[in-house]
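One chain, chain A, links the two complexes that follow: it is found with chain B in the first and with chain C in the second.
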Partner chain A sequence: MAAGATYEPIATTTLSSNQNDITFSSIPSTYTDLVIVFNGKSTNAGSSSNGMRCRVNSDTGSNYSQTNLNGNGSTTSSSRDTSITYFEFGEIAQTDNTAPSQNIMHIMNYANTTTFKTILCRADTATVVTKAIVSLYRSTNAITSVTLSRDFGTNQIKAGSTATLYGIAAA
Partner chain B sequence: MASGRITKVKGKVLDIPNPPTIGTATAGGESVSIAFTADSSGKGGPTRSYIAKSNPGNITATGSTSPINVTGLTVGTSYTVSVAGVNETGTSEYSSASNSAIPIVGSSYESIATITVGSGGQTGVTFSSIPSTFTHLQIRCFTRDDRPGTNINNLHLEINGDTTTNYGSHSIRATGSSLLATGDASQPAIDVTLEPGATATANVFAGTIYDILDYTNTNKYKTVRSLGGYDLNGAGWVVFQSGLWRSTNAINSIKLYCSSTRAFVQYSHFALYGIKGA
Partner chain C sequence: MANTYKLIASSTVGAGGVSSIDFSSIPNTYTDLVLFTSLRCTNTSSNGVYITFNGSGSSYSQIYFVGTGSVMASGSGSQIVHRMVDTNATASTFSNSFSYIPNYTSSNYKSVSTDTVNENNATSALMNINAELWSNTAAINQITIAPASGGDIAQYSSVYLYAIKNS
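On to the complex of A and B.
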């Protein structure tokens, strides 16, 4: 079996000021899976956390859905959203939370043009919640850009937050 | 200098090509990737391949298209790269040098093997002769099977061809409205993660990531954990799973199968990776 080094960093962003979103664009199609690691907070007031949202290919249509598993230290729950205009990239800690959120997203087989895209996410805001999420992007288009946002609305991703995009290539 | 050389191919007089136009050099793990643009003058006929050469070191790599990755470089050393074209007559002069790039420490995560299911489907896939040079393994799956009438099919993992009841597992499954915890002891495989079947929403495949920890250790039983699931825009599952193979043997092969009578469908994809320790 031939082996080759992979899990390569493609791009990293560290916000120097509050921003509406973080976008990775012109993603090369040369990998098999993508991984995005996020560490940060939002500008939402408070010390809890909110959902963090994601779109791909700038697609604002109702082409996303998701199934969640949640645990908050005392209760567990599961929820589902269908035909929504984004999918959740875990949680994002509010501005006064002592713990930033840490989210890892796996976009499986992102460059193929035959199947819909399945996304696995493992997310934690240590003081609030831990989550696992599976999401679906109902498109056979290859994914060439990914946009992360607090809510695609008025709240922002806080300065100092970081996001790194990795590519994993199969042999 | 190689200019001025000509040759005849099927009655045509060919010259060596012009060098390509150098592009941007980008540092990678003990490597530099060099982009370039092929010469468009048509001189010498088709360029068959390209040679990229580092400076310092004169370490070369070949390729048929841009970019070319020059590997085996020293971390922390500043390199430029030049590229030459090759046709049936010979090798062009090298291009001008690229910008400087400094290789970084390489990844400890390596691709070992990949299996993609073809149009006929496949009842199981096996990674065999797995090298023992890593610390952990990871398998990343993108799967669907041909079982009709359901969307809750198990994906089984078998180790070293062991079909006896040496496996156990526990899982937490989320349905979108409730949670289900399961446990299985003395099973013939680790069989917790899920995938959609033939009548599930078209084009949807499950994603599953298996971590197989300390797989060459001969003093411990082997733990296999996974995160997996699929969403059908109205149905589906997300699953955490922990499995055990009660053997102290080093793992050298892994088989994944959906059931003895069913097959993974076309485009199902399995990739095995190794992760090194320091």
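On to the complex of A and C.
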């Protein structure tokens, strides 16, 4: 293991009530990469899943793009979006789904101020879909906050869901 | 330094191979588990291992996305699977796999994310991403890795189990 702290838990939450979003703010710039692990459901009715969305630095501009691979147990698909106002952090299981979703996000070189930021996500809801997603945040600003949401709208993240932010240090 | 991403068990297979690898008495003091396998089979018929928890052989489900280098497909299954090349594969190659198991001590059903590959510089290779579930509310305290369709796990195969703590 490297001499410095790595895979260090920076912040964690277990929702005690339904919430519109989970925000990790004041992220220190002292790591190389970030990892976020989410495990949970939404308040959407049903037993399927919906997309889960993410923004960084509270940026609501059309500064995100993404490409994804999807397998739903019978068919495969790939799609992409450009100049959107959020990127997908995979899926989030609906409230009656027996399988909680788990999404894992890697943000590379999040603190640098010279390049755009690439984000890799693996997202799984075992009764619905398996996904791999690559996203781009077109900003040279260091990432200091990350907000996870079901839809930045009326639907919420369900109580009991967990999310943890880890910092990865290269040295 | 936080006590996280800690190696809690490992196994490297010796001469003659083994029929299975078992990690028992997994402590409940962490948040998530990460399992890495590097596997090769001793016969010509096995292309995977089943990952089972707490000695249970039931209540597993899976959706997979697989690419072969020429086609891709999605399907479903009733096991948690890591790939394992057999003796038809190029010598000295091993399948490699990674599973992430969040909240392994919770009273919810257990989700598992798996990435698993065979790459052997031949005409066929396989790469999977899998969404998997163990529909059981018990805390995971044991993980067993055993061939899915005969043979043993070959010499030089290795398995590592890490634990992650969120505080």
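Rule of thumb we're sticking to: the second predicted complex is superposed on the first by the 166 of 171 C-alpha atoms of A that agree within 3 Å, B and C clash if a C-alpha of one lies under 4 Å from a C-alpha of the other, contacts with A are read in each partner's own complex, and residues count from 1 in each chain.
Throughout what follows, a residue touches a chain if its C-beta (ideal position, glycine included) is under 8 Å from a C-beta of that chain, and two chains touch if they have at least 3 such contacts.
All values reported here derive from a predicted model rather than from experimental measurement.
When the two complexes are overlaid on chain A, chain B and chain C occupy overlapping space and clash. In the superposed pair of complexes, A:Thr6 makes contact with chain B and with chain C alike. When the two complexes are overlaid on their common chain A, residue A:Gln66 makes contact with chain B while staying clear of chain C. Using the contact criterion defined above for the overlaid structures, shared-chain residue A:Ser74 touches chain C, although it does not reach chain B.
When both complexes are overlaid on chain A, the residue A:Ala132 reaches chain B and chain C alike.
When both complexes are overlaid on chain A, the residue A:Thr23 reaches neither chain B nor chain C. In the superposition on chain A, contact of A:Leu120 is made with chain B only, not with chain C.
Counting contacts by the rule stated earlier, residues 5-8, 69, 76, 122, 132 of chain A appear in both its interface with chain B and its interface with chain C.
On the side of chain B, the complex with chain A involves touching residues 28-29, 106-114, 127, 129-131, 140, 142, 172, 174-179, 201, 203-207, 209, 227-234, 236-238, 240, 267, 269, 271-274.
Considering their complex, residues 1-8, 32-33, 65-69, 76-80, 82-83, 106, 108-109, 112, 114-116, 118-120, 122, 132-136, 138, 140, 168-171 of chain A touch chain B.
Residues 5-9, 12, 37, 39, 69-76, 98-102, 104, 122, 124-132, 160, 162, 164, 166 of chain A touch chain C in their complex. By the touch rule above, chain C contacts chain A in their complex via residues 1-2, 4-5, 31-32, 61-66, 72-76, 100, 102-103, 108-109, 111-113, 115, 129-133, 135, 164-167.
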